[in-house]
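Handing you this structure, nothing more for now.
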Amino acid sequence: MNVVVRNILRAEAQLIEALGRLGVATVHEAQGRIGLMQPYLRPIYPGARVAGSAVTVQGHPGDNWMIHVAAEVVKAGDVLVVAVSSENTDGMFGELLATSLRARGARGLVIDAGCRDVREITEMGFPVWSRAVSAKGTVKATVGAVNVPVVAGGVNVVPGDVIVADDDGVVVVPRRKAAAVAQAGLEREKKEAATRQRLAAGELGLDIYGMRKQLAEKGLKYIDGPVDWPSSDIEGA
Amino acid sequence: MNVVVRNILRAEAQLIEALGRLGVATVHEAQGRIGLMQPYLRPIYPGARVAGSAVTVQGHPGDNWMIHVAAEVVKAGDVLVVAVSSENTDGMFGELLATSLRARGARGLVIDAGCRDVREITEMGFPVWSRAVSAKGTVKATVGAVNVPVVAGGVNVVPGDVIVADDDGVVVVPRRKAAAVAQAGLEREKKEAATRQRLAAGELGLDIYGMRKQLAEKGLKYIDGPVDWPSSDIEGA
Amino acid sequence: MNVVVRNILRAEAQLIEALGRLGVATVHEAQGRIGLMQPYLRPIYPGARVAGSAVTVQGHPGDNWMIHVAAEVVKAGDVLVVAVSSENTDGMFGELLATSLRARGARGLVIDAGCRDVREITEMGFPVWSRAVSAKGTVKATVGAVNVPVVAGGVNVVPGDVIVADDDGVVVVPRRKAAAVAQAGLEREKKEAATRQRLAAGELGLDIYGMRKQLAEKGLKYIDGPVDWPSSDIEGA
Amino acid sequence: MNVVVRNILRAEAQLIEALGRLGVATVHEAQGRIGLMQPYLRPIYPGARVAGSAVTVQGHPGDNWMIHVAAEVVKAGDVLVVAVSSENTDGMFGELLATSLRARGARGLVIDAGCRDVREITEMGFPVWSRAVSAKGTVKATVGAVNVPVVAGGVNVVPGDVIVADDDGVVVVPRRKAAAVAQAGLEREKKEAATRQRLAAGELGLDIYGMRKQLAEKGLKYIDGPVDWPSSDIEGA
Amino acid sequence: MNVVVRNILRAEAQLIEALGRLGVATVHEAQGRIGLMQPYLRPIYPGARVAGSAVTVQGHPGDNWMIHVAAEVVKAGDVLVVAVSSENTDGMFGELLATSLRARGARGLVIDAGCRDVREITEMGFPVWSRAVSAKGTVKATVGAVNVPVVAGGVNVVPGDVIVADDDGVVVVPRRKAAAVAQAGLEREKKEAATRQRLAAGELGLDIYGMRKQLAEKGLKYIDGPVDWPSSDIEGA
Amino acid sequence: MNVVVRNILRAEAQLIEALGRLGVATVHEAQGRIGLMQPYLRPIYPGARVAGSAVTVQGHPGDNWMIHVAAEVVKAGDVLVVAVSSENTDGMFGELLATSLRARGARGLVIDAGCRDVREITEMGFPVWSRAVSAKGTVKATVGAVNVPVVAGGVNVVPGDVIVADDDGVVVVPRRKAAAVAQAGLEREKKEAATRQRLAAGELGLDIYGMRKQLAEKGLKYIDGPVDWPSSDIEGA
């Protein structure tokens, strides 16, 4: 399985842009609450935001060789997704690789391992989501794979899937579903705009969403109170 | 226990303000080093700061139904405290709920689970302390309780307790102790101001606090040195 | 072992400055990828940066007595390194101690435990790397040691070692190796500048570092693709 | 709050025995899925099992002084519950304390910190649930409290509550609810016995619990398959 | 995606048996060091061992509904693999479900969440690998899927893949590769038997595997010593 | 620093035996509560126990090459201590290496990474303490060092230090202190035997250790009670 697939199928650029505008939380809901990477993947700086086609990398702990290999097959608009064969926080990605990826057209990186040179990469404005920040250097000793399906952040990522990432995390949209999810997301956004206005005016979700009857059926009871809960202090006993 | 208590007893507004001005570290010390939530509860943006009366929510993993229920009983100046029945990082709280809570008068939120839409909530300036940032959506399936005692961040929170939160974390002050703690905190602050000046002038804590004798009694010994500690390199052996 | 060593040997000031300018990632590589503290040690504010001579403190969980003791032996340009005898996140270090250390000439602190008053310490611009932020107060009950070798962040630190810390973490350079590491770091930096230009121009690491032959020998194969990876949806099957 | 309450109210012995026979999983369900300590509390040997009245201890990290104090107020049939003011794994409890507690009538211990001498305590057959096994020694420097409400394993424990612990963990039953929970548990057990027989005969939970209609309403669909899911190998593409 | 696929393709029984006899470590090596679930998945009792065809379950935190659904489609020789949509330790699987699964022919269970009733399930000899032991009860509120690809323990599992699990963990072999991996495993076993004899006789891996030349080329140097490493005590300085 | 030191200085065999008989908890106390490795290092089977001279290995994540190198310099009575340059759980040690080490005279292994083949190694009775159990295979690509000081489990280990390990964990005794620690341990053991008898007879630690006066001075107060602590149920309010 030590292969590099040079060419991949990508979603249409306008769908990718649309998904990126919707953001992670909306896209995740729009595709049925699946595809979200685990929350330990965090942006290296606040406000980082990206959408692009996944170029996948299967690497090994403490070894960043395959990222160099991936740099050759990246196309404009891609986002690298790096998986590692066992849990590892070593700083597999730094400013030189960021320079190279940007020069080759990549828009950002999601790495299930560590990132270093975070000050420089932040200054470059190259968005990275990583498991850790670590200066720990790595070797170039073991080959892996590029552009094969990988599991990163607990999600199976197929090359060409759409990656959307922002302050809320990273979500993966299967390429074939990009159009349907973008459409569902736009509708959701429209609906939420209306709800937002009503909530801002002080109306309650209980009423907007019609929850009161179901809550009562499930056994929720109201009492007026106040209950004079004793504090746990000995004085309050 | 699936109950909602509509009314709770709250501490006096001026005591809450006083505790908020003192900040978490001073309040925690002033009440005898108890009541501090575990440090995994972090603000979603630097500089977040709040003090208010606890409206408590007992929820379940992956289910944010009870936060909608709580929005109805919130009064101006309250802080929602959300506990979950088992460890969970799902994004139970987002921008729509923040809009609703703010419209109802809430000042902030402490949630022993995940928060999403952090960019939007940060722009709103609505302070949130959470265990994680996660876009993971939740269901509305299981009823819990509102305004009953809950354990959040390892601390038992009684409805109406005063919540003080800032960059240093979250501390809980029992309602009946608010006055005493505020008083003790002010005294502590005054005393620290004097100490600060002496420390800034280069005086040592050893002398200000009179520690030298006790250190000697406990067996601390001074040697002049320098000791030429060998480095752990083979060359240094 | 409850001793305080008053005087320690330090590296030359200009070497310390040189190492500080190189930064953590370069220094770590320059000394052969060793000496890096574990990545859970994070700066309390972005952009924190320091280089100095290690004054070491061996403390105990929930007890910050020895930091007061250390304040007396600190000299201008030192960085305190605090180790604790078992894993602990209590806020052993706050704004008063920061005031004292700064007054005595210390440049910063690395603490394998918690830090509090982070807003105030950030405003002071006193750089701190810690395992956690926590307001949890501590006692002054058990003596430890100052200026003996300690293990912090998984690294053995000898008093007088050079500590370099920035956004990427904390690295320890043995005093006797400071000159050699600084020299190697400068050379590395020069070499990287040349590489950076080539990468920025779109040249590949594969070619710059001459990796292609070795990759082929290790069995890496290229296929053109595109492979029409099925998505994991039932529809895509 | 540095108090020791000598006498506490306990549940009736026969209720405690009944709850112990039911075991943790049944008791937890019978009281409405609340009161379970977090799963990091594990028995130090397989098969450990206990039920008794909670004598509570509020201690501090690295300090076991209050366990000695508690030994005096323990009565036959009690279970010590030790909470610590911040997360800590030090070995606060060992074979000497186990000997003392047993001599005073205690049946077991739940400690939200570490335990040591596990071989000896296992040989004694004294059941202990702890967060960690650690030989790390502790001091006797800071006073806490005995028989006040404490939070251990994420649950608020009031002195005299019934503690039930076995291989599945630790559950806390409020003293006043002991009779109701025991009754509900016995009924649950009876019902489960009937269900068990049907399941063992190959009948499905889907039919026994009548789930099919609700699953369909929630949108679950069946397809016959087989789907020839491609493996993720390049060969299988 | 809320579907249940009733029929799946399975590997040949004799291949499954062969893989089971080889064990996790050998199978993992034989298929090129891939497919191993993360090490937090542990057997609930020592010596647990299983091999079978994966029937997959996609569930949600705190909700075990889909395991009941899966019980209907299980065939003799299957192993259930349960994934959850976000990290969760609730006790989704207990003795009643184990009774049902066994009655329907299942050989074991791998669950990326919690297991309860571990004493009873151990007595049944029904092997379970789980992320945690927890009595925390679950609801039946949200539908998921059965027999679709899922990510469990960091590995993508396709229905019908061969699951091999023992004290060393859990490994997944794609159905189409079962024959090739079994063959490679048998060869590896044979080779290891010969190596074992030589190692047991005191021969060195350095010589058996011919490592000396490559080590020298990579720069490994030998010195005779002994080096009188000073201890880190002040006395030893 | 890629060196192998062939010969090391060892403590006298009878001191090592004496320390082993005392066990980890007693030795740790006897040398002043220092030198204990972090509690995540656990034996792979209950009852594992060893004492020997440390032969140290500095390795890298996912790479076990240096253990093969160390096998050559091991002498009868040694215990291998393996450190890794960044946190890693890969199964660097298995049954073949155990066979080799045993044949060369090693008594056991402490590894700050993963162990595999635990069933086979348990049957061999070769004691291993590890951070994890994992079948994850490793490569042989990067050279490290043998018999240089390493940090494992948070403790600096110098070659020839005495390693004592049992169910309570792993403690390191500097070679030069072995005699003093063994002596202190024996005295401690004698003293504890007397204390044990008194505690078993029901005497209290409070009296045996004379703690009552100091507790009162520190402010501990007794109240008779019983306090009728309200339960946190709404019914009990």
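Each chain carries a letter (A, B, C, D, E and F) given by its place in the written order, and its residues are counted from 1.
Note that in this section a contact is a pair of C-beta atoms (placed from the backbone, for glycine too) under 8 Å apart; a residue touches a chain by one contact, two chains touch by 3 or more.
Computed from a predicted structure; not experimentally measured.
K.L.:
In terms of touching chains, how many steps apart are chain A and chain F, taking the shortest path?
P.N.:
1
K.L.:
So which chains count as neighbours of both chain B and chain F?
P.N.:
Chains that touch both chain B and chain F, as defined above, are A, C, D, E.
K.L.:
With centres defined as the mean of C-alpha atoms, identify the chain lying farthest from chain B.
P.N.:
E
K.L.:
Using C-alpha centroids, which chain lies at the maximum separation from chain A?
P.N.:
So the farthest one, by centre of C-alpha atoms, is F.
K.L.:
Any idea how many Å lie between the Cα centroids of chain B and chain E?
P.N.:
Chain centres of chain B and chain E, defined by C-alpha means, are spaced 40 Å apart.
K.L.:
What's the distance between the Cα centroids of chain A and chain B, rounded to whole Å?
P.N.:
The answer is 28 Å.
K.L.:
Please set out, as single numbers or ranges, the residues of chain E touching at least two other chains.
P.N.:
1, 3, 5, 33, 36, 85-87, 89, 134, 136, 142, 149, 156, 223, 227-230, 232-234
K.L.:
What residues of chain A sit close enough to touch chain F in their complex?
P.N.:
60-63, 85-90, 134, 136, 139, 141-142, 223, 227-230, 234, 237
K.L.:
In the complex, go through chain F and note every residue touching chain D.
P.N.:
Within the complex, chain F contacts chain D at residues 24-25, 28-29, 33, 36, 39, 42, 46-47, 166-169, 171, 192, 195-196, 199-202, 204-206, 209, 211, 215, 218-233, 235-236.
K.L.:
Using the touch definition up top, name the residues of chain F that touch chain C in the complex.
P.N.:
1, 32-34, 36, 38, 85-87, 149, 151, 154-156
K.L.:
Taking the touch rule as given, give the residues of chain F at its contact with chain E in the complex, in rising order.
P.N.:
For this pair, the touching residues of chain F are 2-9, 45, 65, 68-69, 71-72, 89, 91, 94-97, 99-100, 102-104, 114, 116-119, 132-137, 140, 142-143, 147, 149, 156, 158-161, 174-177.
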